[in-house]
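Shared between the two complexes below is chain A, which has chain B as its partner in the first and chain C in the second.
Up next, the complex of A and B:
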């Protein structure tokens, strides 16, 4: 696997010095680091900020609309990478096409698309979200949300889905990982890479493919049906999502894909004991194996569990804004552009770095939060480092004494 | 009782006070030319007290029991209707309070029940009075706020849609005062789009009446009305819930003619919206004969027109694909066999 090393992470060795070729032991105190240069960069009218996350398609950075000063997220993809993913390029084009035409408060907005042919990059500027449901689940106790909170998000999911379906869009990949949240707790359905636009003039919602996440696939897909109802696929996946949010479990599991699909098709649905009977009837209705018997979205929407006011009994799982994770990362970039001066640069040694690392770890152990928690909402795996990148400025005493 | 600490009034007392004040207000207004200052003051005071009960203050949360009692008083004394009837007599701040109080009581929920919604269902006059509010400049926007809150509930939307008064909206959205017209339009849109199944059923059942009136909006003198109504038309027709309405709409040659005229409007925005309706006529796999005739009669002109249509939208791939598809479809139209 090839991986691009950040260009600012190389060692500047004294070129003319023969001794530098020998292996030397350097005391950590003697290596001097400087914080990463935050170079001001514009893509279109957007000022680029820190990386929020990374996925198989590319990375997501925070950015700032320089004309309106609104925070946005920018998805950056390389054509080269896309070509290596099956249907990669096609999926991105599809997502762009679909999102351009969609406008709803529970569907992620796409504001701008840029192509940089020279660099072979595609940029998608989208709504900024602070976190996603999967991330919140990972952080929560027992990997589930309080009922009232799950209800709050689920109702929004249904609203967003209703809109998508009314526009003839089948999402096909509804799962907590694709449901993002803004800082004001609005749920945004995202990732339209495998979604499908139905023909306006076709009266039916028949589709023939579904490539969403296996755990959330309905029996008709797992069983390999040739043609099936698209909307009912989304209802099933939304049902799995609700099951997952409220119980921390998945309705069907399996040690491998084959077993999983077999279980989805054949195993009877087992309800988590602790759920209340009204919620159970909703889940049971959404997870009926036979698509024609499965609840329609409209029935889901008017189900008692959705209409009911749920008392706030358990404590909320927060969006995770208790540290600086949600503060805007653009400022240093702006500063470097407008007030640039080398003198302000802070240099520090590895020793100091380790110290601060240890301190941070102690702190996080005490507060019980994981230091390596993911920050951005737009990806699953991302490690946070005390300094995001480091460069060895100069090695002062590397000559043999 | 201490002189300095007024004991807070009970919900019963406050609603009685409000009712008396409103009655006085109404009476004085009918008798004399001028509204009584005293009655107006009393009304505002009671409204402020009620608002505090409902929304609480910075250091006291609203209490459930008080809310329940207040709502109960309101239902029993028919207060919501009384308030709306007298809305134009209440002062400016008071009008805003009324809207806030109304919306709060409306949102009240017990388990899965919404008692105020159930109550209004038995008193639909409340809804009709609110709609009539659009005819009075000084209360139109307040009534709009309350109506849109009502439109969140399917049961109330049903009453509104199936009433004769609903068709007044076709007038309201065109009134000369811009803010009122646009407020009325957003309510109108909300009513027709919020509850998909209900709206689809309503449009199907009342197709002729609605679309005859709708055509007037599309032919309006007013640019904003034309543009907004065309955009909403596109949204309604392309909503899958309204599939059968769409099929019906695109088989009528008059509608096609109208869209072709709109394609040539001066405004580019209108042209673009018209395109999205026009495309459905052409893409329809079973076009009725009259539609085919129009398309065939204009075949060459349409191809030429579309080829030069919004060529600067190069970044919108979907639009260009659709345009290319339409051009191809129109080019390939076969002459019809002679009429038998």
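Up next, the complex of A and C:
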């Protein structure tokens, strides 16, 4: 009983189905696609929208708070999937528990949690972010940000971390992929799946495990220390993040996990030549192998590079990319709810699809001026989505060639 | 009312009449409850300033009840203090008294434009009154926009009118400064924290929350909605789900003024009028449409044009406050002989109703009771 799957996938075949052994040739005009229907669906007071992303834990969709009309993101997780992930259910419960107690403008907010026992689903309604630092890096030239922009985000990261540490929370998985951005350029630390709440009364930040991303792990974790300072783990990861944002590289790499960890523990830190000396001292301080020598967050915050004003010399890497406005995705869902949507249903064939693909390719090879036309929301959607509209599995007599 | 020693934290402003209003709750005699504000966090009272025997309105917030809103209230006080314009509210003083925050402001005889509509002009204000109010609002907005402030909550209940007919814009706790955190930016992206109160007036680009953001022209859209609100006697989109309102706005089905030129054509089309005429259904599932007076009146073409211009979907093509001040509908006010109070006749300011009895609190109370003020919305200072 999976209702999320688009129910309107179908394929039309002219040839006889009996000939199961032959590979049939199907004209591209005979493969008909139906755009996925955007069915209006409510979870609590939230109207569901398009999918924003997918992770090992589940998917994230955009949604709209029907009382305030504010855009939100909703993380949808299935109990069944969680059970298959080591500590999956535990991690989700911990994330919910942690986020409920946190409130800071640089930490992602959790607004609502819903459980649907019948469907075995957990919904987490969170702040809506248009993009993340990793996405921006992927899109940018040389996979790095202009110094002034990196500074702007790093300062916010430090502020968020400072708050988390003041509440006794160690994030343990700081990396560009977990740093999201709202439309007004606010950085939000997200994904508290492996974060840890320290015992506030103990007055120490000792932790024993860390399951964060390998590239951003400090030597004490890579080397397998039994007990280590939690706060300094976050400082290291934040240092790796800053290194990555400003140079486009990682401080330590390795062809496999073993090599990587070996390098993190033993290889001396190599600074990218082009960075200015002030930034180099900061990176060097944050990436000291010995946790006790590593800068504390406080020292990072008051470091010259953080306090200094950086001139806007280079062009900003925009949040949206070329002309992606990250528009609200709810409109078609509302339309299908409030207006009669049947008439608007348009079908298109594989042939048409290929044509439009070819056209788009031709145009993009030409000058940039013609590109505008093909970038309309309509053509874009058609180009991106169709593969998901057809399920080859359901037709036994047909195999993809 | 507890009379507790107050601690002033705000600077005292001198009123135009050079009476100084002390930052002390002892000096005010509270008379009558006017309404609640900010979702019940506070209340507005009519009071008398004892030394000068003047009427004032006092907004009292219960600090214990304020959570996040406290920040907005402080923002409001700070913002208002920086502004000085005849069409923008001025606070005489503000101070804390025990667990309360008191904001002293002038008492405005005609109260709010939306209340006028609710109590006396259920089918809308006469066009001259509408034009005068719009002119003053645009002047106020032009000033705010020159200070890089977006009001974000222009609506009938934030338009107050004093006994001389001066129009005053309030509700600045919803406002935002452009380029507050990032100097080079000309647009704002943050969603107003209390947007839910003002959704019907909000511009489509504000509601879209995309990377385009919104700017001061968002207020102009709200002016268009306000003209419909005050001209029709009810706010567009009243009583429809907010998600449908959103859809209507994003699909550019705009509200309009009801009169003989717009309403009959709707009636002919029968039930499906909203959709068929492409004219903002939602807009307007109004009860008022059936009224005879509406089907017989006629707004000037200039009035219709101003509404259409102000409600332009694309903010870049929407006129600015300054441009609208030169619009025919606004220029037309220069030819008017009367003043706003004359066009509001027979309504008289609340203060005048009671001045005959001269400072008899009961009388004021009585006249206030007649106009049921239980609706939070109509008295949102």
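What we mean here is this: the second predicted complex is superposed on the first by the 325 of 401 C-alpha atoms of A that agree within 3 Å, B and C clash if a C-alpha of one lies under 4 Å from a C-alpha of the other, contacts with A are read in each partner's own complex, and residues count from 1 in each chain.
Convention: contacts are C-beta pairs under 8 Å (C-beta built on N, C-alpha and C of every residue); 3 or more make two chains touch, one makes a residue touch a chain.
What you are looking at is a predicted structure, and each value in this text was computed from that prediction instead of being measured.
The superposition on chain A brings chain B into a clash with chain C.
Legend: residue contacts after superposition of the two complexes on their common chain; A:279 is shown touching neither chain B nor chain C. By the touch criterion defined above, A:308 lies against chain B but remains apart from chain C after alignment on the C-alpha atoms of chain A.
Of the two partner chains placed around the shared chain by superposition, neither chain B nor chain C is touched by A:82. Looking at the shared chain after the overlay, A:130 reaches chain C, while chain B stays out of its contact range. Contacts of A:300 after superposition: neither chain B nor chain C is touched. When the two complexes are overlaid on their common chain A, residue A:187 makes contact with neither chain B nor chain C.
Of the two partners chain B and chain C, more residues of chain A are touched by C. In the superposition on chain A, A:203 makes contact with chain B only, while chain C stays out of contact range. Of the two partner chains, neither chain B nor chain C is touched by A:110. Two complexes overlaid on chain A leave one chain C stretch from 26-34, 80-88, 116-124 or 242-250 clashing with chain B, and it is 80-88. When both complexes are aligned on chain A by C-alpha atoms, no chain A residue touches chain B in the first and chain C in the second. By the touch criterion given at the top, residues 47, 64, 66-71, 128, 130, 182-185, 312, 318-320, 324-328, 330-331, 334-335, 337-339 of chain A touch chain C in their complex. Only residues 93, 96-97, 100-101, 113, 162, 165-168, 198, 200-201, 203, 205, 298, 302, 304, 307-309 of chain A touch chain B when the two sit together in their complex.
Those residues of chain C lying in contact with chain A across their complex are 181-182, 184, 188-191, 195-196, 199, 207-213, 241-244, 246-247, 250-251, 275.
Against chain A, the residues of chain B that register as touching in their complex are 109-112, 154, 196-197, 238-241, 243, 246, 280, 283-285, 315-318.
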